[in-house]
Amino acid sequence: MIANIPYLTVAGLIIIGLYTLLFKKNLIKMVIGITILQSGVNLFLITLGYRMGSVAPIFTGNADNPVMSYPVPQALTLTSIVIGVAVLALMLSLVIHIYRHHGSLHVSKLGGDDQ
Amino acid sequence: MNQRNILAAAFLTIVAVFLMFSALFMHPFGEPTSQAMDQYIIDNTVGETGANNGVTSVVFDYRGFDTLGEATVLFTAVASVVMLFRRLKK
Amino acid sequence: MKGMSTIVKTIANIGFPIITIYGLYVIAHGHLTPGGGFQGGAIVASGLALLAVAHGTSWVESKVKEHDLSMLESLGALGFIGLAFLGLLMGGAFFSNFLVDTSMLFGAIPVDGAANINTGGTLPLMNFAVGLKVIAGLFAIVLVMAIATNKEED
Amino acid sequence: MNIVDMLLTHAPALTIAIPLLGAFLTPLISRVSEKGRNIFAIIIVGITALFVFLMASEILANGPMTYVFGSTAATVQQSTVIRILFEVDALSIFMAIIGIILSFVAVVYSYAFMEKNTGLDKYYTLLLLMTTGMLGMMLTGDMFNFFVFLEITSIASAALVAFWTNKAKAVEAGFKYIVISTIGALFVLFAIALLYGQYDALNMAKIAQSLGISGFTFIDKIALVLFIAALAMKGGLAPMHMWLPDAYGQAPASISLLLIGATQASLYGLFRIVFTVYGEVISLPAISIGWILVLLGLITMLIGVIMAIIQTDFKRLIGYGAVAELGYMALAVGTGLTIVANADPNITLQTAPFAMKAITGGLFHVINDALDIGLLFLVAGAVYYATKETSLNKLGGLARNMKYTTIFFIIGLLAVSGLPPFNGFASKLLIYESTYQLNPILSIVAILSSILLLAIFVKVLHSVFLGPALPKYETVREVPKSMLLAMAVIAGIIIVFGLFPQVIVTNLVEPAANALVNNSGYLQWLTGGF
């Protein structure tokens, strides 16, 4: 189904993100994985609001009103992107601290349950 | 491949299959099936909010409270980062 | 982080005002064109980050302190939530757009889609508040992280 | 309109707006006076608590309240919902009461507990933001709004878990917590987007209605699976409980207390989505969801108790105790669902007596768990404050110098292991009785876990408080009065709940359980009710 390619792209991005999270041992790479996951979800939100042949939902004063894409998903994506930035900043500062303590970014340096 | 990797690979495969399936079951791209909320906003945004930009009218008017939350998230992040890099001794 | 070469500094000095003006334009026209407080704020903050990269963090630190940025961010957030509270007092609900369709500032309703800078009710004001907050907030994050990693290298 | 009516009308918004305003003001006030800021935070949480209780009295008397942001006009336009809407029913307000009690105690406790630290302006800011996020998750009636508040709570709590950045473990716990929370939140957002794409609505009640009309499509099922997986992960149910003891154990004690509230807010989200949003179609997958919850609960309970046995760190041990207690809630609610699904199709959740009992017990246990485990965390914090030590092997003989703390610990340990006459007994009895109806083995395992918990905490009592006085702790003194006051508040509530469980169950828990299982009250406003 050609019309579903955007959704398959979204699925691909999410899978790449999850793969990075599950198999990469470097903390920075894990953070990148989360960012890719986030991009996948954001792309999904944006694709939901598109209508064939539509323009951005901004009125320009022209008399003929063209078909407009949905504004709500774009607003949601905006919120989601800002949240992504916030989470990214926090994660990176925690990674900096972990690096200070262990001198390494390898995931095995994260102490487990044992003392 | 150790045990953890096999588990992770199995999990990833399951998620991948589910996601691909749901992609096939979604409504076709570019033809949303339902439009009640968004069509209302497109029709009324100029009259109700006085803004040309539909997205801004959603961000600051129709869903203004979300934007307050979003601003709060950024505020939280700044407070967190500043707190994490504070000087520990007075 | 130390400052970079004179060429970089000069280019950054030329680029910074242009970026700032562009960012402020995006903020001010948030209700008319694509963009808004967040986007414009991010543009201005990136201009400030450019200065920090070119001139080094110690130079920036001598000009602006992190807690001043914090304060500025708090002010932006207070302006935003204050507008929401004003909506409660004057419009009857938290976040109501009490200015729209009045003869006050930004009150006009555009005729057949020809909105102008004076329309939008509280929307432009909120854009300004959020813009201030995002400029201060993002720059504070960049500055604090740059200073923190800077100490590592010494 | 007089001032009380006006305040009541706007109470749902003000409950969020006031702590938010307080958080924004805290950095400014911190400039003026350090002490003033601490008192300011207490006052802000106090005012919020007043609003929560004001709403509670109104809701328990007159049914759910709604609040539309940004407009006083009709909420229903073309049978759809445009604006963000808060819908507060008995279940939301029940959770909000728990949240605000925890928050109030935490902020009072912080006054002396955190005194000697730097960065306290940010600490109080984040504490207030965490309260805001928690309350927002509990009160909102909008899916995307729920996600936003979920993220506020996650970011604020992850930063606070890593508050003591000089401890490597604290930073690691914070990192684990934020990674898990972000993945969970992203899956929640993905599920919300799936539902949005189908119904073009973000309002919970509207989506519930649309789901009822459209049946139960494949996309809805995917969304439900994502919701359950993500929120169970955020709620600390096994097998994704690993972050929870780390985070609870490494955070400052006052934050561990608030983290309980944050975890329960996620569980609330899980219950809200399963029962209310999917309420119209829940009868179809009820058996599987019920059994999934029962199994998750059982595994969580066992893992929590077994891992608690081998812990040597005071706060980590309590963290695993908290995991075990979470298992009880999932077990009880799952049991309720399963009983109904197994029974005659004519029997609904409201008419099946044991299902109702299970869900009531589960919800009552939510508040009891918050109080009991919370009290234990505060005691562990007090011990840390007095001795700067959390290792069970090194502590000992503290009862001589810390009489009140010891008494509070004994109250907490009896309550958490479900002994009469404390509150844990009241709710666990309901859970035992109802799970017995489903399968006797379940209740036997539940009772066994309780006994093990008792044994574990008696061992802790012995090694920390009793035994010979250690020379290095001879100079230890009782903790400051404000910390004792905070612990006394929780202990007082525990005793009151334990002595009069029936009053609480009838007036607070049963309305909440009714609101949970019967979503028609929640959907009522769509058709122009109240």
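By written order: A, B, C and D. Residues from 1 in each chain.
The rule is simple: a residue touches a chain if its C-beta (ideal position, glycine included) is under 8 Å from a C-beta of that chain, and two chains touch if they have at least 3 such contacts.
Remember, predicted model here, so these are calculated numbers, not experimental data.
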| item | value |
| --- | --- |
| A-C against B-D, pair bridged by the larger set of C-beta contacts | B-D |
| Between chain B and chain D, centroid-to-centroid distance (C-alpha), Å | 24 |
| Gap in Å, rounded to a whole number, between the CA centres of chain C and chain B | 22 |
| Chain A and chain B: spacing of chain centres that average the CA atoms, whole Å | 9 |
| Touching two or more other chains - residues of chain C | 32-34, 36, 38, 70, 74, 77, 81, 84, 94-95, 97, 110, 113, 115, 138, 141, 145, 148 |
| Multi-chain contact sites of chain A, meaning residues that touch two or more partners | 14, 48, 56, 58-61, 70, 72, 76, 78-79, 82-83, 85-87, 89-90, 93-94, 97 |
| Where chain B touches two or more other chains, by residue | 22, 26, 32, 35, 37-38, 41, 46, 52-53, 55, 57, 59, 61-70, 72-82, 84-85 |
| Overall pattern in which the protein chains touch one another (line/ring/star/complete/other) | complete |
| Complex contacts: residues of chain C adjacent to chain B | 30-34, 36, 38, 66, 70, 73-74, 77, 80-81, 84, 94-95, 97, 100-101, 106-110, 113, 115, 119-123, 126-127, 130, 133-134, 137-138, 140-141, 144-145, 147-148 |
| Residues of chain D defined as touching chain B within the complex | 20, 23-24, 27, 69-70, 77-84, 118-119, 122-123, 125-126, 129, 132, 136, 144-145, 148-149, 151-152, 155-156, 158-159, 162-163, 165-166, 194, 197-202, 210, 217-219, 222, 225 |
| In the complex with chain C, residue positions of chain A that touch it | 56, 58-63, 78, 82, 85, 89, 92-93, 96, 100 |
| Complex contacts: residues of chain D adjacent to chain C | 10, 13-14, 17, 20-21, 24-25, 27-28, 31, 67-72 |
| Of all residues in chain B, those that touch chain C in their complex | 46-53, 55-57, 59-61, 64-65, 67-68, 70-72, 74-75, 77-79, 81-82, 85 |
